[in-house]
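Across the two complexes that follow, chain A remains constant while its partner is chain B and subsequently chain C.
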Partner chain A sequence: MDVLLAILSQFGLYGLLTLGVAIIFAALRVVNLAQGDLAMTGAYVAVTATTVAFGWRVLLALALCVLPLLAIERVLLRRPLADGLATMLVTWGVGMALRQGAELLFTSTSRTVAAPAGGTVELLGTPYPAYRLVSGLVAVAVIAGVLLVAYRTGWGLTMRAVADNPTMAALLGTDPRRMRSAAFVIGGMLAVLAGALYSPLLAVNPTMGFGLLVPMFFALLFSRPGALGTAVTAALLVAALAVLLRTWLTDTLADALFYIVIIGTAALRSRSHVRRLLSWSRRILSPARSS
Partner chain B sequence: MVPSHPFSRTVVLTSVAAALLATTACSGSAVSSAAGDAGAPLKIGVVVPLTGPVSETGKALQRGFELGVQKVNDSGGVGGEKVEYVVVDDAGDPATSTQLARRLIQQDRVSMLFGTITGDTAEAVSRVAEDAKVPFGTAILGDTEGCFPYSWGFGESTRQILEPSVPELIRTYGKRVAIAGSDYNYPHFYAGIAKEIVKSAGGTIVAEEYSPLGQTDWQPVVTRLKEAEPDVLLSMVVGADAVAFSRQAQQFGLITPKLGYDGAPLDSDYYPALSDLVNGRTHVVRWTDQLDDAESKKFVADYRAKYKWTQPLPEVAGNAYFGIQFFLAAAGKAGRNDGQAINTEIGRLRFDSPLGKGTHFEPANHLLQADMLETTIGPGGAYKVTRNLGPVADKVAKQGCA
Partner chain C sequence: MSRRAAAATALLLLALAAAPFGLSAFAVATLTLGLCYALFTYGLDLAWGRAGLLSVGHAAFFGCGAYAVALSEEHDVPLALALVVALAAATGLALIVVRIGLASGIPDAPLILLTLGVSLLLQKAATTLTPLTNGTNGLTVSTSDVVTTYYRTLAAVVVVVGLCTWLIVRSRFGARLTAAARNPERAAQSGIDTVRVRSAAFAASGAVSAVAGALYAPVAGLVSPSVFGLGLSTSVLVWLALGGRESTLGALLGAVALTTGQQLLGTAWQGWYVLGLAALFVLLVQVVPGGLAGLVRTWLSGGAPKVTLPPSASRGGGSGAPPAFQGAEAPPVSRGGRPATPPEAGRDAALSLRGIAKSFGPVRVLDGVDLDLRPGRCVCLIGPNGAGKSTLLAIVAGQLAPDAGTLRIFGRDASGVPVHRRVRMGVGRMFQIPSVVTELSPADNIRLARMEAPARAELPEEYRDLVTDDAAAAGALPLADRRRLELAMVLAGAPRLVLLDEPAAGMGRQDALRLARELRQITVRTGCAMLVVEHDMEIVRELADDVVVLHGGRIIAHGAMDEIVADTAVREAYLGVG
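Let's turn to the complex of A and B:
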């Protein structure tokens, strides 16, 4: 039970970040290197806006980030979009600016925020920190909601169409630029939510986003561009792998093995016969429809 | 403590730094004979991280250092001349520390070096100082396995911290001791000494856990520690990890008032983040801003006034303030701006300060032999002295100086 709860908690954090970066990647075809730093800004709102209840702070963080995210996409990312590398470097610059800004405003000293729900709850005889459970469940609910919107609504269909073929989507009457803006804002908001929601479990400091980037990139590595479901599944697998290894082995050994498994799997996937096998298995599992 | 214990941010970074150091060592760019102009005012090079993750501690060291130099200059300087200094920012990166230390010696012609926060940057500057035969002083807490002939540590050593604190923790809370640490050299070194002292105090080590730096989820480690049912937890989990570890250990019910808890997370650097968790606990330190001697009080008042500081003063600032006065007293005795002569005098000097009467360096390990204080952490981060432990010796010889 302990292990399942640990996976739930880690999946909530990695899932929100990975889903956010996957949405941005789908629409803009760029890896948002500022995703961890956006989480950091969310955490700082939760730490500093202490005059309001924790739940309101999370909502405040989400509300405050919309306009800056929109401005970043419109002013900084739209122009160099033709060059993927340039856009990615712009996101790195945005992340650096956020880190430096946080250091100037709050110094590099770590801060913490009290969990809004203290104490423990009993789950099948296992005592578990109440807020840790709440944050995991909220994160999973949000992830499920976003996937539902992406796969069961017209807006989600349009977004996936832009991700799949922006030229065709534009010819059919969808404005890809508007969709890209929306995708960047939503992807960024998921990161801000992750930071704010998990702030009572983490040390909040300007560089906290770095530690969150690695598992998120690993999950992105194992997902298919535009297929948000695969990004979420990959985040779940990465979280499960990390937790299981750290449960069975010492942290040092688990950490080394985690990287070996991830890199080994990525190398294996890149081999042509393994790629073909994966492609066939996907067709068998979900055969193409004739209509 | 992030910052104050000699920690390197990642094992990888340390390896890269080591490789870079090895490369520079092989390049044959010796910096000897460049330092110290005879007859000119004494000049000190200060290498500190003013940007990056440990910048707050770096700034505290710089402030303590500057006030220390100001005090000496107000009393006439060294050899009738005002002492000068050059401050450079190494951002906590050992490769940068090496370059800057070389530049300070070759271009700025400094006669001594001071500063650094992390263990890897201290080692980088120590090598340059040894090469150039220029004394180098650090104010960081903790020590390492090695020793350099031109490096002198004003921060308390691991033994000076643990020898008074561990037996007391065992007496108060119980004999079952667990150790947790970040996975790099210093926490292993700390654990080695802790195990030795726990054993001699009649305790048992029931768990030992190390985790790579940058860990966000501590559930598996905390679960294993909790299963061992310790009475005392010694933590050398450092940096931001110290905060996340302590907070999650508290949420999982490992850290309770019934558990003896000591180590890096109780340092004043972490007080703003962990105040509710450390209030009322005891912690052994070399200097605290709660000391009531006139010199400490003046330093605290000057620091607060000059830097508009309202929080507790970091211990590293006090170590730097009194440390640089020790160095300058040795320079005064040497009578000339020659690094080698000053270094010899540092080794011989007996210096009275709030850190103790006749404080001096042990030749076998270059660690300052000074008083230690048992403090109780109070609301607002007041590390009130509850017991003066007197001089706590650490004479264990180290390779490089023995």
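Let's turn to the complex of A and C:
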């Protein structure tokens, strides 16, 4: 039970971040390398604005980030760059600037923020920190909400259309530029939300974004581009793997094994004979006409 | 240009050698540190610049070298052994990372992820394996006096950069790399094993970075987990972005200048300096992607292409080789040079397909295609849209693997043979959208095609002008000229089986007919076989010995043009009437 709750909590964090980066990737075809640093920014808002209640701080963080995100997209990512790599590097530079700005403002020592809901709750006989549960549930609710919007509303359909084929979508009367702005802002806001919501559970420091970037990227690597559902599923798998390894092993060993398992899986998936094996097994499972 | 570069290099070396005589100890120490970072930047350039493979965690390799020196001193391991282990580790890690990255079609995102992951992992290991590495406090390394360290560092940098320039940048390997990093499709179609070439460059980049780390350890006097840190990885990206990719001097000077700036500003302003660098980086990537070296190059070159192949590329591949082409009657010669086994059924064919099938998901694009193509013949492949023509061509060229069936090229089973090896078997291919290395001049493109050719082929008269055309980059050519260049590249590769995908698309009527006649002449003169996908019936009539009609993934008719026109099945496929 403990483990399941831990997975829920971790999935909330990774899921928000991965969903955000997947939305941005879908619409802009760019892996947002500043995603972890956006989460860091959100966490710092929650840490510093202590005069208002925690819930308001989270909303404040979300409200504050809209305009800067819009500006980043409009000013830095709008230029017709020669290749996707250059755009990716721009996001890397943005992340670097955010990190360095945070270091100048708050120094590099870690800070903590008190959880708004202290104490523990009893869940099927297991005591569990109340705020972990609350934050996990909120995150999962937000993820579910975003997925619902993406798959059940006209706006979501438009977004998926732009993700799949921007030229065609433009010909059908969507403005892909507006869609790109919206997707970047929403994806960035999900990261800020993740940072602010989970700030009581994390050590808040300028370089915390890196730690978040890696699991998020792994999840993105295993999802299909543009398919948000698969991104969330991949985030769940990554969260489960991370939590399980950590319950069995020491931190460093767990981290090392985590990387090795993921990189190994990626390597295996990329081997052509494994891919062939997979496609064979699919063909055996669904026997079609064979010549 | 090269003489000027040589003079500049000599002057720079002289200045560097004399530097300790005119500078304070602090300045010399700063310059030494700058040299270490310069070598690191040069190492990154081999990956990001030359091979076109971005790494955002290059400090992983740098740290391997630095920790090797520190650990050898701490635990009394011979330095040479530690260095060899570090070099092997850095090269091995780089190879694993780049192989996984290149296995996906677009290697950027996986590579970013993997390099990031590897450097974070190593940093974590260095932090937590306290008995071995002394944790976050790091290990001290004994230093010798400033001037000795300076000269040792300088000598090592010069040797490593010289070796890499000779082996990687200026060699034929460098020419292959230039093409593979820019247009992998065309490079593979010119007989270059793009994955191997790019992985080798990335591995070399890892090794050079490790050497830089090993030089850094005694200069800094302290090796802590931050040598694996992303701060350093990011800095090196900025240095290279400022100096300019694919420029040895640019990389070295960018690193030295920015490191010196950082050292001079002192600790109080460090934070702002780094923030400024971040802003500079965003600006550079957007406005001056070529960095300072790119600006200088544009200024010096005028309109000429900024990228050129190293001179070693023009030493042709098949000089002194046997005649370029076999006649139509001559038996194919196997790779060993001995005559191939006597012809059996279908063995004397340039291309022989049996039961080729291919599905994309539930869509069965090819459903058992049998086809034989004899040397000296030109077969045109026609059929309605979606008939599977381009898929068939891609399977013959090797871009796609068939689900079933056998494919023989000059009698040899070629089913599992990768694209670049098929090129060496004599396959040449033109794409539907012309694919040339747009950054290189037409002459360099031809040189590239000749480099890996199994034999030297003289181009037909009307293509000779391209061989000497060094004036502008091929990307500046209009579409029709780019198509002409691509055809010239294919012919320069001395092909015996030529695959063309709509060679006349987008051409005017007269040009298209002239092209058809030229192609016809080429088959007659060289005895090569040709498989052409074409929609325009007039061109088909001009070009084809045989016409093959593909419909619904099967061949429904095969014969001379007049027979095909009269065929009821074909009329039904095209017009829907019997």
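By definition in this document, the second predicted complex is superposed on the first by the 265 of 291 C-alpha atoms of A that agree within 3 Å, B and C clash if a C-alpha of one lies under 4 Å from a C-alpha of the other, contacts with A are read in each partner's own complex, and residues count from 1 in each chain.
Heads up, the rule we're going with is that contacts are C-beta pairs under 8 Å (C-beta built on N, C-alpha and C of every residue); 3 or more make two chains touch, one makes a residue touch a chain.
Small disclaimer: the values here were computed from a predicted structure and weren't measured.
K.L.:
Putting chain B and chain C onto chain A via the overlay, clash or fit?
P.N.:
With chain A aligned, chain B runs into chain C, so clash.
K.L.:
Quick one: classify A:M168 as touching chain B (first), chain C (second), both or neither.
P.N.:
In the superposed model, A:M168 contacts neither chain B nor chain C.
K.L.:
Which of the two partners, first being chain B and second being chain C, lies in contact with A:A63: first, second, both, or neither?
P.N.:
In the superposed model, A:A63 contacts neither chain B nor chain C.
K.L.:
For A:L85, select first, second, both or neither according to whether it touches chain B, chain C, the two together, or no partner.
P.N.:
Touch status of A:L85: second partner only.
K.L.:
Determine, under the contact definition given at the top, whether A:R246 touches first (chain B), second (chain C), both, or neither.
P.N.:
First partner only.
K.L.:
Which partner chains sit in contact with A:A203 here, chain B, chain C, both or neither? Use first/second/both/neither.
P.N.:
In the superposition, A:A203 contacts chain B only.
K.L.:
Report for A:G93: first if it touches chain B alone, second if chain C alone, otherwise both or neither.
P.N.:
In the superposition, A:G93 touches chain C alone.
K.L.:
For A:L212, select first, second, both or neither according to whether it touches chain B, chain C, the two together, or no partner.
P.N.:
Only chain B is touched by A:L212; chain C is not.
K.L.:
Quick check on the superposed pair: does A:T109 touch chain B, chain C, both, or neither? Answer first, second, both or neither.
P.N.:
Only chain B is touched by A:T109; chain C is not.
K.L.:
On the A-aligned overlay, A:S9 touches which partner chain: chain B = first, chain C = second, or both, or neither?
P.N.:
first
K.L.:
Residue overlap on chain A between the chain B contact set and the chain C contact set?
P.N.:
The answer is residues 103, 207, 210-211, 251-252, 255 of chain A.
K.L.:
Can you list the chain A residues touching chain C in their complex?
P.N.:
Within the complex, chain A contacts chain C at residues 31, 33, 76, 79, 81-82, 84-86, 88-90, 92-94, 96-97, 100-101, 103-104, 207, 210-211, 213-214, 217-218, 220-221, 251-252, 255-256, 259, 262-263, 266-267, 270-272, 288-289, 291.
K.L.:
Can you check the complex and tell me which residues of chain B touch chain A?
P.N.:
Touching chain A from chain B are residues 2, 51-56, 183, 209-212, 214-217, 219-221, 223, 239-244, 247-248, 251-253, 269-270, 272-274.
K.L.:
If you look only at chain A, which of its residues touch chain B in the complex?
P.N.:
2, 6, 9-10, 13, 103, 107-112, 115, 120, 127, 129, 131-132, 200-203, 205-208, 210-212, 242-243, 246-247, 250-252, 254-255
K.L.:
Using the touch rule from the top, collect the residues of chain C that touch chain A in their complex.
P.N.:
54, 56, 96, 99-100, 103-104, 108-110, 112-114, 116-118, 120-121, 124-125, 128-129, 230, 234, 237, 241, 271-272, 274-275, 277-279, 281-282, 285-286, 289, 355, 357, 362, 364, 367-368, 404
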